[in-house]
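The following blocks contain the structures, represented as structure tokens.
You will see two complexes here that share chain A, one where it goes with chain B and one where it goes with chain C.
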Partner chain A sequence: MSEKTQAYGIDLRAVAPHLLLPLAILGVVAVFAMLQPAMLSADNAVNIMKQSSLFFFVACAQLVVIITRGFDLSVGATVSLVSVASSMAMTALLPSIGAGASIFVGVVLGLLIGAAIGAVNGALVAYGRINPFVVTLATMSVFTGVATTISGGFPIFNLPDAFTFAFNQMTILLLPIPLVIAGLVAFALHFSLTRTVHGRVLYVLGDSNEVAHVGGRRVKEHLFLAYVTSGVLASVAGLLMTAQTGSGEPNLGTSLVLSSIAAAVIGGASLRGGTGGISAPVYGSLLIVCLSIGMNLQQINGSLQPVVIGAILVFGAALDAYRTKSR
Partner chain B sequence: MTAIAASQQSRLGRVMKAIGILPVVLIITCILLALYEPRFLRTSNLINVLRNASFLAIISAGQMLVIIVGGFDISVGAIVALTSVSTALSMVGLSTIGIESAPLIVLLGCLAGLVPALVVGIVNGFFVSVMKISPFMVTIGTMTMAAGIAGYVTGGTPIYDMPELFTREIGRGRFLELPYIVYAAAIVLLALWYMQTQTRLGRYFYAVGGNEKASRLSGLNTRKYIWLAYILSALLAGIVGIFLTARVGSGEATLGSTLMLESISVAVIGGVALKGGVGRIQMVALSAIFLSVLSNGMSLARIDSKYHIIIIGLVIIIAVAAESYRENRRSRHV
Partner chain C sequence: MNATSTGPGEVISPGTPLVEISHLDKSYGAFKALEDMQFELRAGEVHVLFGENGAGKSTLIQIICGVQNYDSGEYRLFGETLTGLTPAVAHEKGVSIVFQEFSLIPEMTVEENLFLGHEITGGWRLAKSAMRAKVQSVLNRLGFKLDPAARVSTLRRAHQQMVEIAKALLWDCRVLILDEPTASLTDQEAAQLFDIIEQLRDEGLGIIYVSHRMPEITRLADRITVLRDGKYITTVNQADTSEKELVQLMTGRSFDSFFPQIARNPGETVLTFEDVTLQSGHAKNLSFSVRRGEVLGFAGLAGCGKSEVLRAAFGLEKIATGRITANGVALEKHNPRKALSSRICYFPSDRSTEGLAMHQSLTFNSTIAALDDPVFSRRKTLLNRRAERGFTEKMIDKLKIRTPGLTAKADQLSGGNKQKLMIARGLSREFDVFLFDEPTVGVDIQAKLEIYDVIKTLTEEGKAVVIASSELAEVMHMSHRVIVMREGRIVGELDGEAVTESAVLSHFFDHDNKSQAEEQHAS
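After this line comes the complex of A and B, so read on.
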């Protein structure tokens, strides 16, 4: 059995990461395009670009910690809290200091909250040496509670129009703004993962904790930083999604935890750590967004959609196990 | 003088090590609550606490088994919802095909209701033990699928029209003042205690979780025990689903949504180590009582339910931080 998989695992392994996912994405688009021609309309193309850019950030947030053999279950809570807190700040400051300054304060506050949540996770995981699953499960619970508490559970409306314009509707050279920001972030993240010591340490950390320590780097600081990065990326997602919906929503991120992990793992990041580049969140988010937009166009029952995502998740994990075995 | 103090301290330390800090915290919490809010000690309230603790203890016992063999079960909450829907549907179905006797409908309905739970457990166990996929991914996947199916089947509306025997007698009935679920929990806990301490099966679970490779090399069929742990966890979650359905009187696809988080909290607070191989059912039971007392206290003190998850989250962090502090100190001494 194991010999057999190894025999043709080599061929597959060389080709699969480069071709399998783009083909799968094209296949999904083609199938839905046959069922619903609207899938290929210009409006829908823009929609796919926007949605997958938004989703890309949470998938990246997940990737950074999955590389270190960690998890971040609190990305959804971060998105919700950032959405609520920056909306409240913007709407509260809007009359007194004007649109520009209040948007600035709101965005900075959002990023700071993301960094702070990441710092809490990172401190407990790196310095407290507590299992990342439990840490982020607990912070997820705490910050979801904070988000619903400060908002009272209701959406926050009346955001400055300039905010939704600048972070959602604006286009630069025909490209929607979320896509532009996603591109910049993708480039920066790719650079830091492949060309910096910090990035290399994260991969080594995921491969083997001991080796990373023997290597003599200040491993804990790098691990801490990975969680802070994850928190900041999640907060960017929170800000952009708030601009998309046009209101601060206390349950904006609830469904994101699962799908962000699914996106990173289907894209090729292994839960055993140490692998996965920037292509993982790119492919993963495109695949999941194309699927869910296609299912919406096809008017598939809302409760059945998670069933499909769950099946893909298990399939992606099986693929991951297969890849690890053949290595 | 200092020597006596030191020896006393070490004796205290030994006692603490044997029973842990949880019973002390539980007793202190109860005393503070009783002083602050006399309503806490009313019989009706205590029975209420005991009932919630029973639900929690059963589902957390399953979670404990899975964590002991080195895994996780995220799907327990969704299994509760799925069982609720399937139990209600099968009872309604059985009465429409013309079965008259209520006890027969209830019995067959409960058995049929457990089938989906069993299937989820078998699927979880298969992917984790045979396919060697991360338990986290597997159970989060089956969780979404189970919850989605439950939501799809009900279409968002609860299922009513179950026999009175089920909703009134099993759901709200009492034997010697205590609800039936308390006896169910006692039986489950006793059975698991017996299994963990007195049988080979129990030792094998610990062995597999403590060091899977060593257990396999010494001839244990590790796959079998890992698989079994997921099946037992799913069945225990299913039992909780049946009792909760009887209690609320309808099959609901949203039942048990908080139980996943709570069952993991109970296990972690009860000292079940996430790296596997460690965990005792007595402590899990105590921890279930502790969590129920805590949320009961928060309700009595009229703390908004939105704060509950914040406080439970904080308690988890404190519990695991204490655990890892103890672990680090122990490894430094050795």
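After this line comes the complex of A and C, so read on.
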């Protein structure tokens, strides 16, 4: 019956959930545009693109582990530590080996730190069987502390100009470089989630570890890899955000923990695991960044933004509960 | 008869009929689940429903408590003729049922579980003291020494069972239905339960007790109604009958119409257990072999270790000593992955936790065990989604899986179709050995027949099939060879013609019963 009705026209009930978020994002933009015409200026459009691209990576980092019924509270700590450590490496090496080589070392170091933090989380969650909440809460504390300690708590200035140019200001075919990288990563992540055995297993184990195990999958390895991927994605965010601010900041990632979870959840990933595709971080990061930029333009007190993020997270979780109930 | 409407709480004199069923019919499609059924339950008696699985016991109790409707006939509850009974109405009138599978929430306390869905409230808040008092009075009445604040997960099975009974008795209850309540209890725990049942009988409750275990029936029953093939056979007084007679009444049926005839062509040995003892201790000193072209059955009471044997063969149970060999290769550090690549396939009894990823699509579920196969992935990394879709469509067609579509979630399917979806996985790549743990649990009759047909086809194609089942008729009629287990050990192996109900049953219990059953078999 239902198959037939679908064949004769667009089933609104099936399409509506997919339209909800794009409409919500357009709605947010429209409301702020009415209050502040600057919302629609070219400069602001570029700003929205850049900001949401940067934020997109942490939302992706979160998505990969949320699919496995976990989450990663250490994304913010990763961003901070990567920012500080790669900045220190670049500024230290700049006089001796030149801009190009020092940037290369800084970027590679940043990615390695991300992978290493992910590996610690993954090892403790997958092989140590410790609750991801506890594990990543602990590593969040540890690596935030490390970032503050090695930097002495102060920002690291005098990054090579080429770094900020290459990872923030450069445009390719008029598109800002963070957006280009975000596009590439989005494609790669989407491919890996939908077309590879690894991606498939993440969804199945997110639903039930036992089913994946009985299905002959190496559950622990896949789970471990998910946390490493999450760490690497967070470190990309750390590098790009450092290029944006132009300095290494020991508290760069502090506010990202909750907002990254909120972005993935409002975008459609379920904290119960096993669901959510690439559209979740895309829509989630656009929605949150548009709201945040709109509130800045309207000069709404910055302290109110966490209130909004919290509300979005609860709303997203409620939406998920509703979806779960109806299916 | 006496149509005195008895309100809840009213004392009923012993012997008053509580449930009266006559000429009741119930069919599922062409299958007659109940035909011209009769049943009567009086106040103050334990009335045992006796029969094979599939005899219609579950259908009958489901009709009594309003879960199922009936096609024709009469059902009088407390003297009232009833139509369109619902579980809620039955509960309100005082019919309570304790199912085999517990409905308790492990993370909640005893008290919270008892009132789940029926919380007493004072205004907008829970009337905790009122609830506590009510719980205490029920527990006292039953003589249960249970802490109402204890978490259910911390209780032993027997105590959880007590909570289930307390839950049934919390509200005015005049008819209590117990469906194989001792299935997962130890003997000592069961004895405790029997005391409680006797006490409730003395208080004037009518108790319907479903079981096919002789010792329990001898101990508890006042009257026994025997069902066979959905038909009423007779009702006897426990005092006037014998085990012998009951077994005769229960057996002596033909399964020709229900179970398929599977051709037996024993081939090479593909799986061998050599003196295997499990680390968990659930099964010890297992030695047997599985051959192509025949069905090997494992029979025994729940908890006898038959299920663990299959799990061990698939690498889900660690082995302490002994050796498992597949196709001549010893399986060391066994795990499901190795089992699958040794061409062993396992269908767990628990579909919802181990069998199917409930919120994933049919396709995801049907190919999960075959993702390393070149048909479904390139270099074990990139999925071939077209092949996956093609395979799933083929399976939906072949196994007659009724589904809203390919992208439907496993959760949207009925029990039988879920089971068939899981079985599709067994056809996703080449296997030699198929292990079925309770292949038809929670499955409707139509699906059951279809699953039997799959087992027949596999066996006749020359695969080795192993079935562990708590349903005696199933394991007996589907298997060419039956291994009977008791308390983790193999206590008997029967072959071909020797597989008879009494021979199998005789191994279920200890030697006292064995001699009796053999005597009966001889007669």
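Everything below uses one rule, namely that the second predicted complex is superposed on the first by the 313 of 327 C-alpha atoms of A that agree within 3 Å, B and C clash if a C-alpha of one lies under 4 Å from a C-alpha of the other, contacts with A are read in each partner's own complex, and residues count from 1 in each chain.
To be clear about the criterion, a residue touches a chain if its C-beta (ideal position, glycine included) is under 8 Å from a C-beta of that chain, and two chains touch if they have at least 3 such contacts.
Computed from a predicted structure; not experimentally measured.
Following the overlay on chain A, a clash is recorded for the pair chain B and chain C. Of the two partner chains placed around the shared chain by superposition, neither chain B nor chain C is touched by A:L184.
Touch criterion met: A:T196 reaches chain C, while chain B stays clear of it. By the touch criterion defined above, A:A30 lies against neither chain B nor chain C after alignment on the C-alpha atoms of chain A. More residues of chain A lie in contact with B than with the other chain of the pair chain B and chain C. Contacts of A:V108 after superposition: neither chain B nor chain C is touched.
Contacts of A:G274 after superposition: chain C is touched, whereas chain B is not reached.
Contacts of A:L40 after superposition: neither chain B nor chain C is touched. Judged by the touch definition given at the top, the superposed model places A:R218 against chain C, while chain B stays out of reach. Between chain C and chain B, the overlap after aligning on chain A sits in one stretch of 4-12, 22-30, 76-84 or 112-120, namely 112-120.
When both complexes are aligned on chain A by C-alpha atoms, chain A residues 272 touch chain B in the first and chain C in the second. Interface residues of chain A facing chain C in the complex, by the touch rule stated above, are 2-3, 194-198, 200-201, 203-204, 207-208, 210-218, 272, 274-275, 327. By the touch criterion given at the top, residues 72, 127, 131-134, 136-138, 140-145, 147-149, 151-152, 156, 261, 264, 268, 274-275, 304, 306-310, 312-314, 316-317, 320-321, 324, 328 of chain B touch chain A in their complex.
Residue ranges of chain A in contact with chain B, taken from their complex: 71, 124, 128-131, 133-135, 137-142, 144-146, 148-149, 153, 258, 261, 265, 271-272, 301, 303-307, 309-311, 313-314, 316-318, 320-321, 325.
Interface of chain C with chain A (complex): residues 314, 316, 336-337, 339-341, 346, 348, 353-360, 364, 368-369, 371-372, 377, 380-383, 385, 404-405, 409, 411-412, 425.
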